[in-house]
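Each of the two complexes below includes chain A, the first together with chain B, the second together with chain C.
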Partner chain A sequence: MADIRSKLTEFYSLEQMSLKNTVIHKIHPFSKLISTIIYIMCVVSLDRYSFQSLSFYFFYPVITIALAEIPFKMIIKRVIIALPFCVFAGISNIIFDKTIIFSIGGFTLTGGVCSFITIMVKSFLCVASVLILIATTPFSKLTLQLKRMYIPDIIIMLIEMIYRYIGVLMMQADSMMTAYKLRSPYSKFPHIKDMGSFIGQLFIHSADRAERIYKAMKCRGYGTLHIKQIQKKRMILNDYIFMSVVCLSSLMFLITGGQLNV
Partner chain B sequence: MFKIENLSVKYPDGTLAVDNFTMNISSGEHIALAGGNGAGKTTLILALAGIIESDGKVIVDNIELNKKNISEIRKKVGVVFQNPDDQLFMANIYEDIAFGPRNLGIDEETIRHRVDDRLKLLNIEHLKYKTALKLSGGEKRMAAIATVLAMKPSVMLLDEPTAFLDPKSRRNLINILKKLPHSMLIATHDLTFANEVCENTVILKYGKIFSQGKSSEILYDNDLMNRGNLEAIENDYNKTTKQ
Partner chain C sequence: MHMADALLSVPVGAVMLGASIGLIAYSVKRIKENDVSEKKLPLMAVSGAFVFAAQMINFTIPGTGSSGHIGGGLLLAGLLGEFPAVLTIAAVLLIQCLFFADGGLLALGANIFNMGIIPCLIIYPLLFKPLVKKAASTKMLSVVTFISVVIGLQFGSFCVVLETLFSGITELPFNTFVMLMQPVHLAIGAVEGFVTAMVLVFVYKIRPEIIESSYTGDKIDKNISVRKIIGIFVVITIITSGVLSLFASAYPDGLEWSMENTAGTAELEADSPIHNSAEKIQENIAVLPDYDFENGEGSGTSIAGIVGSAITCVLAFAIGGIIFTVKKKKSTTEK
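Here is the complex of A and B:
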């Protein structure tokens, strides 16, 4: 029971980071959003053997994490959760792609291994850059920014609701687990015969709860804001510099990286 | 000015939870809403904020509640829910209090001042950057009230505000509510609280107004309170608190 609760606080602790006041946090959300998108696009478009040029892309996470004073551990721990999924995507490369890229002595590096590594590194960089965005920009400002960019309301609402719902679901599971354990002191986890009703009730309760939270949100004016009413925060020189440095260098590594790798 | 005329609420399963309710709250007036469990207090509050559908008229500052101007009404009517967990859903208390004003399109600088101001008013400045998950029941309650105050509503509807509060926080809340200039309708089981904060009391029974009048008279009337499924405030207790 206590572990679900601590997972939950851990889950939201990244968002807590977003309230700091460092150089990176002060940069306009628009500038950070665009930079992240361009950065990810460049990383993804890199050639799959272009192993060396990929290493240049570490500049962005390393520098921003340091400047934003976010513990490296915090980002890395979360990225690692995503990596197993990428292993499945990359593993077939090792088996099928046997082209030899180079060999030193008895050691040969096949194209498959090389592209497997690039896939892993690419995933690492992409997930890290998104996490950095979340850790340096309050979630509400991010959704407000999306709204300003004329992303349809329904999509933004979906993002917000999923984000909140994770919390609701976990809190509900936490209190139900506590109630369960108190009345069945010998089992750590719901018995298989109780599992059906446990999970069923969990969804019903949390849907109910989500409904009440949505009501409370509406009471405080959620969904009544028009684009015209949103206060525009003007971009200043720093915001433009940040955006152009990140975007241009990402593009430059993409272009030169391809040539270096002939 | 808050006018309620012939308000009725019927739930889809046929329960008539509020039955022909009529009342006026003049500006700055505090009214207590008492009644046994299931009398319809929560339902009434939700209907007044336009959260559940109802028949009849609700008029706030000359605006009538209907589908078209529901967002106007929500700006004017603040609701403090029975369960504060439903009201705190952002990363921390600051973000939670800022949520409402942001939806009104207010700029960040003003929001920051407003949040600080509300935190100070309720004596909860130390909770500013805490997550709601880590607060005690009473702290959550105070934070939930702050989120509503930050909207600058003209009417406040509070559902059981003293639940979870220890005697000291309860005293603190009484002092704060007494000071606030808003019109208020407070659903509560805490009758001594009702007596201190509200001049007038309405007793609800089976969704209907059973009795209404001065709190200092109604709440001590043993016979009346018994018939309303409640218990009158004990006179001895009253003497000691009044001193």
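Here is the complex of A and C:
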């Protein structure tokens, strides 16, 4: 139950954070979106032993997070979610890859350890860059960019509606669980034999709600007018500068590799 | 089963994204033809949010002490029909990736494929639907659902294995990986299948019209031949494996795997000749950067590299720290 509550607060805190007004928040969503994608692609393309060049990729998230005033705790939380599978795959590298990279005294660094660190750092960087995008851009503006990329209306509407209803239905699930616990105080929640009717109940509530939403939407003229009145914000010089700095530096670090270090 | 960015290479991510986008576009087209988009949209959206909320409810898996939650691919397909379900699950995965760091942005295509396309567009129309049409009782409905979910999850987890190995980021050998993934997902699938079956039966008992409409309501169903769908998948598989094997040339064993995969021998013995030779080839050719490490010549530069990268990290964090403190000071003075 605490799980639902914490997820809900996380969900809402991200939304609140995206409404702040910092330098990063002011940058055009499109340029942030493209930068994030290019950045992740570059990070992921790096060779598994090349943590020399990987270190350069710290600049973007660390600086941007500081500029955008995102609490560092938030990233750690998110990295932990993404971590288990990465650790699992990374540890196998330590076991199977015994290539010795170098040794000083009694300390030997094997390729496995090296690639383990690389995987961990990579997952941190990727998670951080997505967080930057989402914590500095209101979701509705982000979905507008999808329109720019010629993604069909139905998908965009679907994404926006799901986004709006997640909070509501999570609360519903939460209160259903509270009710269940109150009625059966000594049993562990929820017994698997109750799962079917429990989740089924949740679905039926959802379906009823969908019907009411649809009627309400119809009453307000849904389907009669097209949503064309989107005020397209134009990209200004700053947006282009941000985008080119992030993209070009990411690409440069990727191409030059660790050589910049020497 | 959500894949993270760090474990996927760009080519694999891009190919999976391409395949998923193609199939999503196809689904959009089907929905538009069906003209259910407008009326079904709220139901789809709320179902998406429902899956989200349902995934928050962890149930204990009997006997193990661990807990799991439903995946929802086949559940959505059962409730909404295959094409709306694909779109819904794709949207759910996008939101999960953006807001909860569950699965990466680059890995989105792979995740949509493993958890959305496979249950909704492969298992549901080819296995679930034909069987359910013959099923007369709710008991049969639950049995069919159970089987479909288990098989779907097995396919999905096998795809995770393939995608990870083609990316060449983990050193885990193919058979070990498969041996780890498949049984685990068999257990998860059994529980998920059980719960999904109960949910579908429950909804069927209370609101039979919802479930019936999802598989009898689509009148166009008779027009789409199963052959067409299979054809599409064959083409996608060929393209995917072709492109993958091109990119996998850096990791020669990847080609070997894809050959075995198309030959249909999924169960590999640890000391099969192909695997051994693949390992040998990998040891000899692959991961070129090893070379200067192995010779020992590169050791000097790599120590320098480690020191250098440490300095770079410190520098990055220092800049971040300075910006942070300056901002904090500013905000306190403003107050």
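Going forward, the second predicted complex is superposed on the first by the 193 of 262 C-alpha atoms of A that agree within 3 Å, B and C clash if a C-alpha of one lies under 4 Å from a C-alpha of the other, contacts with A are read in each partner's own complex, and residues count from 1 in each chain.
Heads up, the rule we're going with is that a contact is a pair of C-beta atoms (placed from the backbone, for glycine too) under 8 Å apart; a residue touches a chain by one contact, two chains touch by 3 or more.
This structure is a prediction, so every number in the text was calculated from the model and none was measured.
Novice: Using the superposition on chain A described above, determine whether A:Ile213 touches chain B (first), chain C (second), both, or neither.
Specialist: both
Novice: Now for A:Thr99: first (chain B), second (chain C), both, or neither, which partner does it touch?
Specialist: Second partner only, chain C.
Novice: Answer with first, second, both or neither: which of chain B and chain C does A:Thr9 touch in the superposed model?
Specialist: Only chain B is touched by A:Thr9; chain C is not.
Novice: Is A:Pro29 touching the first partner chain B, the second partner chain C, both, or neither of them?
Specialist: In the superposition, A:Pro29 touches no partner, neither chain B nor chain C.
Novice: In the superposed arrangement, which partner chain does A:Ser123 touch: chain B (first), chain C (second), both, or neither?
Specialist: It touches chain C, and chain B stays clear.
Novice: Touching A:Lys233 in the superposition: chain B (first), chain C (second), both, neither?
Specialist: first
Novice: Touching A:Leu19, do we find chain B (first), chain C (second), both, or neither?
Specialist: first
Novice: For chain A, which residues belong to both interfaces, chain B and chain C?
Specialist: Common interface on chain A, chain B vs chain C: 164, 168, 209, 213, 217, 223.
Novice: Note which residues of chain B are touching chain A in the complex, please.
Specialist: Touching chain A from chain B are residues 46, 49, 51, 71, 74-75, 77-79, 81, 83, 85-87, 89-92, 94-95, 98-100, 102-108, 129, 131, 133-134, 147-148, 151.
Novice: Would you tell me which residues of chain C are touching chain A in their complex?
Specialist: 2-10, 13, 24-25, 28, 31-32, 37-39, 41-50, 52-54, 56-62, 70, 79, 87-88, 90-92, 94-95, 97-106, 164, 169-173, 176, 191, 194-195, 197-199, 201-203, 206-207, 210, 287, 289-290, 293-294, 296, 298-299, 301-306, 308-310, 312-313, 316-317, 319-324, 327
Novice: Given the complex with chain C, which residues does chain A contribute to the contact?
Specialist: Listed in rising order, the residues of chain A that touch chain C are 3-4, 7, 10-11, 14, 36-37, 40-41, 43-45, 47-56, 58-59, 62-63, 65-67, 69, 78-79, 81-82, 85-86, 89-90, 92-93, 95-97, 99-104, 109, 111-112, 115, 119-120, 122-123, 126-127, 130-131, 133-134, 142, 152, 154-155, 157-159, 161-166, 168-170, 172-173, 177, 188, 190-192, 195-204, 206-207, 209-211, 213-214, 217, 223, 258, 261-262.
Novice: Which of the residues in chain A end up touching chain B in this complex?
Specialist: Checking each residue of chain A against chain B gives 5, 8-9, 12, 15-16, 18-19, 138-140, 144, 164, 167-168, 171, 209, 212-213, 215-226, 229-231, 233.
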